Amino acid sequence: MGDTDPTDPQAACFEAGIKFGSLYHQFAGTPVSPASAPSLAAAMEEAIENQPHCASVVVDIREEALTEAVADGPAAYTELTGRFFEVELQIAYEDTTVVAEMAMADGYPLMEVTAVRDRE
Amino acid sequence: MGDTDPTDPQAACFEAGIKFGSLYHQFAGTPVSPASAPSLAAAMEEAIENQPHCASVVVDIREEALTEAVADGPAAYTELTGRFFEVELQIAYEDTTVVAEMAMADGYPLMEVTAVRDRE
Amino acid sequence: MGDTDPTDPQAACFEAGIKFGSLYHQFAGTPVSPASAPSLAAAMEEAIENQPHCASVVVDIREEALTEAVADGPAAYTELTGRFFEVELQIAYEDTTVVAEMAMADGYPLMEVTAVRDRE
Amino acid sequence: MGDTDPTDPQAACFEAGIKFGSLYHQFAGTPVSPASAPSLAAAMEEAIENQPHCASVVVDIREEALTEAVADGPAAYTELTGRFFEVELQIAYEDTTVVAEMAMADGYPLMEVTAVRDRE
């Protein structure tokens, strides 16, 4: 029916989406190797935690996938894509906490909200 | 109290956020001039419309702000930031439509959901 | 032996490298489909042609590779990488013209200078 | 007159340019604050050092400029641009070493080759 303004939980989910899109498209394509992956993961976490309402970001490098890709590839490094890392982040917006995750699903880096929680 | 899975409208808002974060951080920093702005805006729209559940993206270049920045600056072009464009996008997720916008507010490129609509 | 300042042809080659690195890392990761590829290619060309000393940029989408990747993949689009486009650009710096190209070689997007030309 | 293939010093300068363009356009737009700048600088250095022929990359955050920009701005962070960091990098290509730098000059992040050195 009619349009409504977003509720707090809807706005919190919107904020979670912004963080995922930002993180992915800022850093996709970065040259990465098993040796340089930890500094990249740390920078990704701290960069996105700067954004509003972002309580925490955890980037988990998939070391085995990265090591295999480099071993199979033409160079000693590759480009960052969603195959090489997983993310869990938490948004705190007014009284709502949102937990969202990115992980590979059928070859696609699927981002989804896993929990919406009222902090009351 | 307890955790809940996201509702369809919450998931739709999450998808809207992903599109904004993607659009902004993929294209921020691109060399842009008044002459090249239209092709960049077209590419931004078509690129993000590829993403899931994205019904439409409209990128509106702020030509006056761009022309002034180039005139005041050291080169015949500048780098794309949120000062130089506004966005309106629509997400269609199950029975929910979400409209979201990005525009400058007090010097910050504010992204927000402007309407959540049930398509029933 | 001792250090020297760059000659004009060396500076022209440096400028060519800047354009390739810029083009690749600005646009890698962009969502792209066969339908949206032409607008992306046009934006890439016009964006980089803004940069100093850049006489021309031609981006050639490898349509067959892109169509196959989308057909084989989990979504109706993919992310831009060097597998999906070739580039030829020309730098004009003082009296030197440099031609440089990017194309796939053994699975790696190889960028190289193909001609250094004195315009006298 | 006629075209020639690049010499080793010309190819070394081309490689230096690739690194600068990559570094700038991969990371421009990243959310950054005085607190998160060190992890970002470390990631930038290690990411670009992965690229071929890249002997070293040193990213120097301009802390004062960054602190001022955040203090004057609408948020507790800003977006990375060339105003907030300087770079010095070294390329080793066959028997040539190239040193190149990026620093602000008249409001523009100027990249230039500062030394070409024969290692013989």
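In this document, chain identifiers A, B, C and D correspond to the written order of the chains, with residue numbering beginning at 1 in each.
Just so we're on the same page, a contact is a pair of C-beta atoms (placed from the backbone, for glycine too) under 8 Å apart; a residue touches a chain by one contact, two chains touch by 3 or more.
Given the structure is predicted, the values throughout are model-derived calculations rather than measurements.
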Q) If you tally the C-beta contacts for A-D and for A-C, which one comes out higher? A) A-D
Q: Going by residue numbers, if over half of the contact pairs line up, that's a repeat, so tell me which of A-B, B-D or A-D repeats B-C.
A: A-D
Q) How many angstrom lie between the CA centroids of chain A and chain C, rounded to a whole number? A) 29
Q) Approximately how many whole Å separate the CA-defined centres of chain C and chain D? A) 19
Q) Can you give the whole-Å distance between the Cα centres of chain A and chain D? A) 26
**Q.** Where chain A touches two or more other chains, by residue
**A.** 22, 24-26, 29-30, 75
Q. In their complex, what parts of chain B are in touch with chain D?
A. 24-25, 28-30, 73-75, 79, 81, 106-108
Q: Would you mind writing out the residues of chain D in touch with chain C in their complex?
A: 1-6, 9-11, 13-26, 99-100, 111-118, 120
Q.
Considering only the defined contacts, which chain D positions touch chain A in the complex?
A. 22, 26-27, 29-33, 35-36, 39-40, 42-52, 75-77
